[in-house]
Structures are given as C-alpha cells and as structure tokens.
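Please find the structures below.
Heads up, the next two complexes both have chain A, just with different partners, chain B and then chain C.
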Partner chain A sequence: MKATSATFVRNEMLAPSAPPSTEAGPIKWMRENLFSSPLNIVLTVLGVGAVVYIVMHIAPWMLRGVWVAGTLSECREIIQARYGEGVTGACWALIRDRWQQYLFGFYPSELYWRPVLAFVLMLAAIAPVLFDALPRRVLWFTLVYPAVGFWLLWGGTVWVPVMALAGFVISYVAAKIVQPIAGTILATIAAVLTPVLWWLFLAGPAADAAQSVIPIALEGVRSREFGGFILAFTIGFTGIAFSLPLGVMLALGRQSDMFIVNKLSVGFIEFIRGVPLITLLFTASLLLNYFLPPGTDFDIILRVIIMVVLFAAAYIAEVVRGGLAALPRGQYEAADALGLDYWKAQRLIIMPQALKISIPGIVSTFIGLFKDTTLVVFVGLLDPLKGITDAVRASTDWKGVYWEPYIFVGAIFFVFCFGMSRYSMYLERKLKTDHR
Partner chain B sequence: MAVITDEPKAGFRLGMLIYDTRYRSITIQIVVLFLVMAGAAWLIDNLLRNLAVLGRGIDFSFLGNRAGYDINQSLVEYTNDSTHARATLVGILNTLLVAFLGCVAATVVGVLAGVLRLSKNWVVARLMTVYVEIFRNVPLLLWILIIYAVFTEALPAPNAFRGENATSTMVMFDSVAFTNRYTAIPWVMFDNSLGWLALGPLWLNLDLAAIIGALVGGFLINRAIVRRATKIQEATGERPTTWWQSILALFGPIIAVFLLLGTHVDAPSLQGFNFTGGLQVSNSLVALWLALTLYTAAYIAEIVRSGINAISRGQSEAAFALGLRPGRTMNLVILPQALRVIIPPLISQYLNLTKNSSLAIAVGYMDLRGTLGGITLNQTGRGLEAMMLLMLIYLIISLVISGAMNIYNNSVRLKER
Partner chain C sequence: MKQSVFLGTLAASTLLAAGAMAQGTSTLDTVKARGELNCGVNTGLVGFAAPDANGNWQGFDVAICKAVAAAVLGDASKVVYIPTTSSDRFEQLTSGKIDLLSRNTTWTFSRDTDLKMDFVGVNYYDGQGFMVRKDLGVSSAKELDGATICIQTGTTTELNLADYFKANNMTYTAVPIETNAEGEQQYLAAACDAYTTDASGLAATRAAFADPENHIILPEIISKEPLGPSVRHGDNAWGDVVRWTLNALIAAEEFGITSTNIDELAASSQNPEVQRLLGTSGELGKMIGLEPNWAMNAIKASGNYGEIFAATIGESTPIGLARGLNAQWTQGGLLYTPPFR
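Right after this comes the complex of A and B.
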C-alpha cells in the first residue's frame, strides 16, 4: 500500500521582516556615528554644546541686524526701539552704505564700469584655462587680457598696452626671420633680445607717436585711488598669473645639474622663504628707490606686485620641486631614450606629471597669495580688510563699528579662497589617471 | 681588409660651445652668471649713486645710540636710555617668545583637531572641518584684528571685577582675569631669587638657568640609569628595577631647585581699580598668540590628517595580525610612519608662524619689526641698514628653525640601505 502524504513545499520566499527599530534608520545612524562609545558620547555632547553656544551667542545678534540706517547711532536707536533697552545687534547698514568703498576704494565713482568690465573680462579670460571644455581659441583672449585689464583699470592711452603687446609680436617675427638664416640658437637669442630692446627704447616713443596720430585714451586713474577688493584682485590675480611660470623656472633651476644656476636658484628661494612678506613689502615701498637710477619713480602697486610675485614664486618653486622629485627616475630616462631634448622632455613628459602632482600645493600657495594681499595695508595701500575699514571707521557716521566690516570682508575672502580650494580638488579628480 | 677611418677631428671649434652638450652647460652658466652679475652691479651702482646724492654711506653705528623710546613688554632689562641694539634684542626676544608659544599651542590644537577630524563621530568631525576651512580660507590679518577687537572691545575693564555685585568674574578657579587692557595670570615667584648675571650684552636669568639645568641634568641622569639597566639586561638577562631611580632622577633635582628658590605661585588679585600680583600679559601678545595659534593649527590639523591617512590600512591590519594591541599599534606602527609624512610640512608651518608673527604690527606688539623695523627705523632714518639687518635676523631665525627641525626629521626618516 502506498502511503499518501502531502508534502508542503513553499515555493515563494517570505518577505524579510523589518529590522529592529534600533538597527535601522536615523537611530542606527546615531548609534553608530554619535554614541558608539563613552568617549564618543562625551565628544558628541561637547560638540553639540559648542555649536549651540556659538550659535546662541552670534545668531541673535546677526538676526537683529539693521539694514537701513545712515549712521551707527541711528542703527543702535532702531535696535533699541525694536528689541528694548540694552539689546545689541549687527548694523549691516554699514555695508549697504559703504559697499562701493569696499569694492572700489577711492576709484572715481563715475568710472566704476571699468573695474567691473575688467572683472567680467577676467572671468572670461580665465574660464578657458580652468575648464578645457571651452573652445581653445578663447585662449588668445586670455593672452591679450593683461593688456586689456591694465588699460581698463589704469586708463590712459590705449597705445601703451598695445605697444607692450607688440613686443611679443616682434619677438615672434624676429625668431621667424632669423631661424632659416642663422639657426635655432641665434633665433632664440633674437627672440629674447628684440622685444627687450623694443620695450626699453622704442615702445615709449612709438606709443606717443601713435597717440598723437590716433588719440584713443581713457581717463587716467592713479594707483593711490585704488583700494578695496579691486586692489586685492589686481594684486592677487597678477601675482598668480606671473608667479607660476617664474616658480616653475626656479624649480627647474633648483633641479638643474648646472652648478651656478642651481646655487643661484637655491639662494634666491631660501632667501625669499626665510623672510616675512611684510619685510619684502617694506623694502618695496621704502628701499626700492635706492636701487633704481636716481629720479625714477615707480608705481607703488607695481612694486607690490613684483614683491608678491617673487614671494609666491619661491613657494611655488618648492612645491613644484616636490612634484619633480616625486616623479620616478624612469620617466626622465624614458624621455632621454626617446631622444627628446631638455625642453621637449620637460614640456611633454616631466611637467604635465609633476604639475599634476603639485596641484594642491600650487593652489594653496595661490590662496595664501590672495590672502596676503591684505598685507599691503602696511605700505599705505587701502586693502579691503584694514585700510578701507579704518577709513570707514574714521568717519563720524561709523565711528565705533567693529564686527560687521570684518564679517563682510572675511565672507568675501572665504568665498573666493574656498572656491579655489574646491576647484583644485575638482582638477585633481579630473586629472587622476591611476586606477586605485 | 681593415677600414681606416679618419680620426675624429681633434681640436675645438667655437660652435661646440653651443652645439656640443659637453660644453653647452658651461656656456649657459657663464651667460647666466654674467647676466646676474651685471644686474647686481647695476643695482649696487644705483645704490651707491643714490647714497652719494643723499650724502651718506651705509653705517650701522646708529645701533650704539640711545634708543629713547619705551617698550611695553621686554624679557630683558630695557629702559628708554638703552641703545638701539638693545631695543633690537628686546624685539628679537619678543618675536621668539610669541613664535615659541604659538608653535607649542598650535601643535597641540592642530594635532587634536586633525585627529578629531578623522573621528567617526559625525558631529565632531564636521565641527573640525568647519573650523579648519574657516580659518584656512580667511586672511590671518583678519583673525588677528578680530581677536584683538574681542579683547579690547568686548572684555570688561579691570574695575568691572570690583565690588560685591561685580559685573565680571575671573575664570579658571578665580586665577585668570581677562580685561580689556591686559590678561592677569598666576605666575611663579621665587623668594630667594638668584637674580641676573650680566654676560656682556646678554643678561642671564639665573633662576631660569637653574631650572633648565635641573631638568636637563635629571634627564641625562635618567638616560644613564636606563642605559645601565639595558647593559645589565643584555649581560645577565634580567633587568634591574629602575622606576624609582628614574622618578628620583627626573623629578628630584627640579623639586630641589624649586624648594631652594622658595617657589610659590602668585595669583592676581584686585587691589583698587587694578589687578596686582601674578603676571599681566598685554592683550596684544595674547591676541596675536591666539590668532597665530588658531590659524596655524588649522593647517597643522590638515597635515596631521593627511599624514595619518597616508598610512595604508594594511599597516594597522598587519600590526593587529601580529597581535599588537591598538595602543601599541599606534605607537609602534602608525605614528612612526605618519611622523615621517607629517614632520616636513610641520616644519614649514612653524616657519610660517614665525614669519607671520611680524603681523604684530597690526596690534602694536613690539616684536622685531616693531622695534628695529619700526621705531628705530623711523627715528634714525636708517631704512636701508635697518631693513637689511631685519631681513638678516629673520633669515637666521628661519634657517636655525629649519636646521634644527631637519636634524629631527633625519632621525625619524626612513633608513634605507
């Protein structure tokens, strides 16, 4: 007899039951991230306590702020009337009242369009450098931009920057002419020598002559009228643009086998890195006239820019040297084996890799340079942080205001510096080629 | 049949200076040297001509003249009758003081912040990230000015601590008072002070010398004890008990010195409208110190974080596989390797802090730039000499710091064979 038994086989899976409430969702996250051990609990409590303390002390003051008022005392009266006796609050009206000064210093107000235009064009000029998705032809504008920016900011005749640019054209033409006749070496010498001679002796008269024939000029603005953030940007971006090539050259000099070049680079780098920027700026403002032919007067912003460029270049040289040293020896040997000469090897093999390694260091040097532009206040220029703030505070309207200008200026610096550091992270990610 | 080729042409052609790689580097170097020398000659020629126009030479004798100004804080004896050289020395010591205090505090805060930023605790890690980003992305000058403003504007005057219902109270168990003019802190006083020993231009504080001597002596004795114990252990296999000798050697001399000097702690107390006793530290020093500390600590935090991150996980896993406990893993495996990554950038942060201390100008702290590069320069009109001396001193300080730290760096460096 056959036993009949019905076996029951379930042919679909049971739905998983929900995890215990302590093992899911925010509770799990909190248990793991905030309260995983006694030490962690203490840290969490301390951390939250610190945040609460800071926010409780600052937020009400900021939120009670007044945006529309003519003077500090008016601000205080409004706050007293609104929130009662003895209550303090921020007086943002200061920024509303004086923002032009913070941005433009004492630049003539009817000419504000010029720095604004220069700033917008600067963004257009650096965009193709920053993002390679943009058309490469825009880079021509980037190369011309320094002259355009100079003309817009300082004004004067258009022919001075044009003749300065002409030097590069002359250099190119000279090289092209000499090359087939006398070979590469002489062509290089011609390419270096002709523009120098042009700038030294011919560019000035040529600019004057051109101006008398076709007068195109903007109203001139003196360097002393610069101030606030246009000063910081002028110094900062010129410094960034010129310190990178100089820094790379110094780094190559320091890595060089040539004894004299090497020792000169080392001496220069170590000297610049050994003294504070402030002393270099003082040298620029007090002593530079000693070292120039008697009677020369040199624009103060230009002096400061030169010092800032030298200062940043020494730091960049050290960063790039680190990148060069980090490259495996095989890369240099491979470049030699391919028969590349020194400059081709640097341009095609070494530098792309070394600069990629040094991006974080280079960008943080740039950030440091931009922040250091505030130090120009000590040589009498009106930087946004102390120069303009002191000027604003000297007026009877805003005597006694302390925190608001610092917060405002600090926030703007933060935005730009933080932006730069984020960009360097983006660049690092984009250029990453290893497969880790 | 042997092929006879022409011998390579011996002799030297002028073109080889450029086209032959053997000679080209010499050519380039000579050209560079020539250009640099020409540039230097031009600068020096201009300088001499300018000085001739002004009718003066380079002269450092102003350093021997009477300074005639007061310095609010000096570590060595100084009056306005002292010389400019003495004022310079005061400035150097003030620079070194704030740099030293800043380096110590920045290291402590920075290491703490860097480790906490790596913590698994979400709140603390975020908080430290915010701290680091805010301090790194805003100019140091702003922090100095803000902290100084906090001290001078937001803190109470000394007389606010007065009376039954005072508006302000002292902190840290009634020992420290923050006022808008100075910070009063407790200070060690010696009843039987040894005084100062004059050694030419430098004065030596004998109390400090005795304390340092006792510390170093104790350390050396302790090292001898440990060496002897190791030697006995190597010879016999048994290590003699040394912990009480070590404690005695390390702490005995210093305690003896303190007792002999009659040491007691003098806490500040309110007398009338001002605090007396203890030490009154000027707010410019405290603000500068705090700002330098917090700013540099943000950088150090990043250095520490990246240093620890640079050690691959395999290292700690291998250490655990060997059976090392977490504490010993940290001490013996992670830290020695992380330090190698951390030390070089840390050195440059110390250097940066020292150089940044020249921003003391913003708060009126009389550092080297304030004395030699400030009042002395303006009073004597010797800008060239003062700036040259100023740069030279900063350069020496920088080179000494980097030299000392490089010695340490070499001792922890990877020993490759």
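Right after this comes the complex of A and C.
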C-alpha cells in the first residue's frame, strides 16, 4: 500500500481574483483623482457643487424655452400657461424670428445665396491650405478666391476684381522684365511700384472700359447693408488671410540688418501694438473723413478691414519673431553654408521651422482677431453681438429680451473659435518632428 | 526733405478740403445730386428708431428722415439710414457722413454752439424721471435719499441726477451702466433701487417687463430734454429745409391735414394757410429751393406729427406714451409752429 501523502503543492494555477473594489475601476480612479487628500475632497465637493448649482439654475430656464411665438410677451404667456405663474424661461422664438438678420444683417433677402456661396467657396479655398493631402492645383483657386468672394459679396461689375487681380500679374511681369536688366533690388522695387500705380490710376478706367465692352455684373450691395455674421466673417477671414503674410514680412523686417527697413518695422509694430484697436477703428471711421476730400466714398468695411489687418499683423509679427528667435543659430549658418540666398533660406529652412514653433501663438492671435470683429459696433457697423442685438431689442416685439441673443451669438462664435483651436492642435501634432 | 514736402501737401489738401466743406457745396444740392438722404439714427431705441425683421427702419425719429427725404427728393424711401452711437453721432455729422442727425439728441447750449451743430427744432419734449419697484414704498423722488441708482454713463442724465440730488441735499450711489438693456437687467436683478433715464425710455422699459404692475414711475421730472433733429452749423439753407419740414408736420396736425385727407384738402381747402402749406397757392417751396408740393410729400411720407406719434410711441402702442407736453399748443402742449406765410 502506498503511503498516501497529501500533496501540498498545487498543480494548477489559481484563477486570478479581482482586485479589491477600492483598487479598480471607477472607484480607484475617483480615489486617485478626486479624493486623494482631505484638501482634494473639499475641492471636489465644492467644484461639483458649483457645477450642479449653475446647471440647476440655467438648464431649467433654457429647457423651458419657447421656440414659436411672435413677441416676448407672447413667449411669457406661453411659459406661464405651461409651467404656472411666476416661472421664467428662455424666449428662443426671438432667434427663430430674426436669425436671418443675425446671419446676414440687412443684406437683400433675395440675394442670400451670394454670401452663402461665397462662404462655401471660401471653405473650398482654404481647404488645400489647411490640409496638404488635397491636390496642390486647387491652390490656384485659393489665390483668386479673394476676388471671387469680393465680387459675390458686394456685386457690381466683375471687372473691378479682375483688374485688381491683374495688378499682381503686372507686378510679376514687371519683376521678370527688370530682373535681367537691372538686378534684384530694382526688380523688387518694380514689383512693388507697378501694381500700386496700376491700382491707383489705371485699374478703375480699365474696369470701366472692359465693362462697357463686355458687361458682366451682379446687382450691387452696399456696405451699410452688411451686418451680423456676414460682417464678422468678412472682416475676420480677410483679416486672417492678409495679416499672416504681412506679419511675417514685418517679423523679417524687424530681424533685418537694413537700417530703414528695420526701424520702419519696429516703429510700425510698436505703434500699432501700443494703441487699442478701437482707436484705430475710430481713426478709420471718423478721422479719415477730415483728410479725404468731401464726397469721397471710401468704403467703411474696407477701412475697418485695413485697420484690423494692420493690428493683427503687428501681433503676428511679434509671435513669428518669437519663433525666429527660438531657432538655433546653426540653422541660419547651415542655410548660408548651403549657398542659399536670403529668400531661399527663409523659404526652405527658416520659416518652416519658425512658423511651426509659432502655431499656437498665431492661432490665438487669429482667434482674438475673429472675436475682435465685434468691436466694429463702435463705428456704427452692425456686428452680431451688440449691433444686431440692440437693433432687435429696439423693436417693440422683443424689447426686454436680454440673455437669449448673447447665448446664440456666443454659441456660434464658440463653434468657430473652438474649431480653429482644434485645428491648431492637429497641425502641431502633425508637424511634430522631435523625439521628446 | 521729402517728408516735409509730403506733409505740407497733406496739410494743404486738408485745408482745402475743410474749406470746401465750410463754404461751398450746400448740403441741399449734395443731397439732390446724390438722390439719397444720409440720415443718422439711433442704433436701436424702442419706438424711436429700429429696423424690423426685414431691415426696414421704423420709428418716431425715422419718420423725420422719411419726411425730409420726401420733401427734398419726392420719395420717402430714398433714405440711407446710418446707425450712430451716442459717442460718434456728432462726429458723423460734422465730418459730413450724414446730412441730418435724427437721433433723440437733447438740444443743449454747448451742443448748439461749441459742437457746431444747429438744432432745427424739437420733435419730442422729454424729461428725466425715475422708476422704482412698488414694494420699495417710495412715492416721490424726494424720498430717494441714500438710494442706489442705475444710470447710463456719458449722457446728460448723469449730470442732471447729480444736480438734482445736490439741489435737494440728498445722497445717492450710482451704478454706472452702458446701455438701456443693461440698465433693465441691473434694475431687475435688484442691483439698484431706482433706474433713471428719459421718461419715454422708462415707459418703454416698464412696458417690456414681465410684471409692469410691480414698478412705478415717480411723478418728478427732474430735467428738460428737448429732443430734436440737427444739422451742421453754417449751412442755413439746409437747416431751413429740415426745420420747415418738421414744422410742416406739426402744422399739418394743427390744420387737421392727415395722410388720408391730404389730397382732398389740397384740391378743395379754402384755408389760405393750408393752401400755402400744400403748395396750391403761394411759392413757399421755391423760397427754400424745393418743389411746390414739398410739404405735401413730407406729410404723405408717414402722416402728420400726430399720426407719427400715434403710430410709433403713442398710447395704442406697447410703449403707450401720452401726448403730454408734446400736444399742440391748442391742446395745452408745447408744439407751436411759426406761420407758413
């Protein structure tokens, strides 16, 4: 008989048991992240309390909102009838009644398709700039888009934007002709001077002449009919599109060894950054009238856009200068060692790196610029936030409404600003080449 | 050197431009040539100027713009409405961007003289008042000693308030606000005991409350606020046109000329002053450089003064203002137009 010996050694693995409930799942996460110390417990309770308090106060008001009503008092009656005496609720019917004014201002309603088309084409135009997977040939459309957008928004003869574009062609041709004869510096001067002369003296008559030969025109819309988001987008996106190149040029000018270029850039940047945007807007809207001959009709939106571009460009210049300063000296020397001239070095070596570093700063300048477009209310343009809202509130139907328009306009601004912010993070991730 | 030449040219051209604006080119001719009247209005004030859902401007001040356009150009729709803020309205006028400012602007000494504007008349006699919650138990502005008061900054109301409290030896705490809409919010949120602004504005504000019965407007009116249209100083011909257009609207009410009976009266009225006003006799239009039927067009634009008042801010509207001081002199009010002769 075999001696039975109890085996004290397991010959199969024990199934792993679940970790204690305090060390797994949501409880662990909460213990670690929310209740890790007495202080954190207090802060968590306070934080949650604050969020709950705010939501409890706002959410019912928003949810009790009325969407179909003709006036504010009608809204109030509906809410009283539904929820009883003394209950308040949002009156979203205002948005339903006036959303077209918020989007288009006083733009003629039968022409709404034009700003809508301009907006869609704008998306098409910026897509190849934003995403490099798209075909490069589309960039040509991006280049002519400003003229297309202008024509769609303001209407009038097609020849004005065409002749304005022609200025760039003339600039290019002039540079190509002068370059072999008189060298780079004179070619640069010719490239700057010829289009300016063209725009000042010849473009207008040329457009008139072309119009009389081949009349193609859209019904004209005047700047005072712009308002609401169409105004914010026009100023915001034009400002963004033009302030980046101008800002890069200013940043390079500030880094330049050439005395006059350097001092002019520094002076411009410091002056513009030293005064509030509203000062510039007032200058554009009021002071210029004293200098221009009476009767000149220098478009107010154009003036505002110019000021906004200059303002944003000064900030972009400083942001880009930060990027340039962050580049190691060796990069500049490497470019020189390769025998690249100044522009080639900037284009191929310096700028790609400097701009990449500057992305967060540039985008936050753009976001700021876009939101600053609401300041045009101070020069009598109807911005969506206050201009249109004041106009809407001044009607007897909607007098007394306060928060609803702000919430609506704020939500739209948030969508676009948040979009820009996410895009900048995407771009940063995509361009990340270091190995940290 | 180059720089100074450039600056010199700039200065010279500025002087030329300013000179041209000061003497030549009368506004009347400019408006006729342009075919449109540039009229400065409020960016939005209930009853006085506001665009509707289709973007058409309406209101008491807007009606003046329409009447002037109708008188000068024969078409009340030929108006470009330029919204002006309380801070840029005078600049807009003096710089020539607008031909006429019709924006509930108080006629004061310094604005008439120092700011180089000409007020052509008064289209609304307003005055500053107070609104309080009923449960505050106050029935007179004299009992507001120590109160917190919501007040719009940068307006004449702010100065009037200080004057009034000083004169009555009382103290107050001001809660500064920027716009009427903010004032309403602050007042409703009980950030202040009383809200003060022009009585017309108080009435409109109270009417828009959810519980107007719980708020009262105190009987004291502490200031004179004659609101009226204004033009640039120095262009008297244009000032005459606007002044007499306003007078024509007031006179039309006095004579019982309304937008409905005007054609009939023009054809049949035996009253010589009505005939002169409507251009069927005399040459009043020619004297101010307008068509003989200028006043007829002006009255047809939105009716006579009384009709405009009733349609925009009168007792049948949600704003519900009584005529009060703004009644005809024959009805105990202050509206009194010089004779059309």
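Methods note: the second predicted complex is superposed on the first by the 396 of 436 C-alpha atoms of A that agree within 3 Å, B and C clash if a C-alpha of one lies under 4 Å from a C-alpha of the other, contacts with A are read in each partner's own complex, and residues count from 1 in each chain.
Methods note: a contact is a pair of C-beta atoms (placed from the backbone, for glycine too) under 8 Å apart; a residue touches a chain by one contact, two chains touch by 3 or more.
As the structure is a computational prediction, the values presented were derived from the model and not from experiment.
Enquirer: After lining both complexes up on chain A, report clash or fit for chain B versus chain C.
Expert: Clash: chain B and chain C overlap once superposed on chain A.
Enquirer: With the two structures laid over each other on chain A, which partner does A:223 touch: chain B (first), chain C (second), both, or neither?
Expert: So A:223 meets neither chain B nor chain C here.
Enquirer: In the overlaid three-chain picture, which partner chain does A:331 touch, first (chain B) or second (chain C), both, or neither?
Expert: neither
Enquirer: After the superposition on A, what does A:142 contact: first (chain B), second (chain C), both or neither?
Expert: Neither partner.
Enquirer: Tell me which partner A:274 touches in the superposition: chain B (first), chain C (second), both or neither.
Expert: first
Enquirer: According to the stated criteria, A:353 is in contact with first (chain B), second (chain C), both, or neither; which is it?
Expert: Neither partner.
Enquirer: After the superposition on A, what does A:257 contact: first (chain B), second (chain C), both or neither?
Expert: In the superposed model, A:257 contacts chain B only, not chain C.
Enquirer: Just chain B (first), just chain C (second), both, or neither: which does A:34 touch?
Expert: first
Enquirer: After lining up the shared chain so the two structures overlap, which partner does A:394 touch, if you call chain B first and chain C second: first, second, both or neither?
Expert: After superposing on A, A:394 lies in contact with chain C but is clear of chain B.
Enquirer: Between chain B and chain C, which one contacts more residues of chain A in the superposed model?
Expert: B
Enquirer: Under the stated touch criterion, which partner chain does A:410 make contact with: chain B (first), chain C (second), both, or neither?
Expert: In the superposition, A:410 touches chain B alone.
Enquirer: After superposing on chain A, which of these stretches of chain B ends up overlapping chain C: 45-53, 189-197, 333-341 or 351-359?
Expert: Clashing stretch of chain B against chain C: 45-53.
Enquirer: Residues on chain A in contact with chain B in one complex and with chain C in the other?
Expert: Residues 282, 286, 289-294, 377-378, 402, which sit in both footprints.
Enquirer: Taking the touch rule as given, give the residues of chain B at its contact with chain A in the complex, in rising order.
Expert: Touch list, chain B to chain A: 18-19, 25, 28-30, 32-33, 36, 43, 46-47, 49-51, 53, 116, 119-124, 127, 133-134, 136-142, 145-146, 149, 153, 351, 355-356, 358-359, 361-362, 369, 373, 383-384, 387, 390-391, 394-395, 398-399.
Enquirer: Within the complex, which stretch of chain C touches chain A?
Expert: 10, 13-14, 16-18, 20-21, 25, 30, 42-47, 49-55, 80-85, 87-88, 91-92, 95-97, 179, 181, 184-185, 204-205, 207-210, 317-319
Enquirer: In the complex formed with chain B, which residues of chain A make contact?
Expert: 32-34, 36, 40, 43-44, 46-48, 50-51, 185, 257-261, 264, 270-271, 273-279, 282-283, 286-287, 289-294, 367, 371-372, 374-375, 377-378, 385-386, 402-403, 406, 409-410, 413-414, 417-418, 421
Enquirer: Could you please specify the touching residues of chain A with respect to chain C in the complex?
Expert: 72-73, 76, 88, 97-98, 100-101, 105-106, 109, 224-225, 282, 285-286, 289-295, 377-380, 382, 387, 390-396, 399-400, 402
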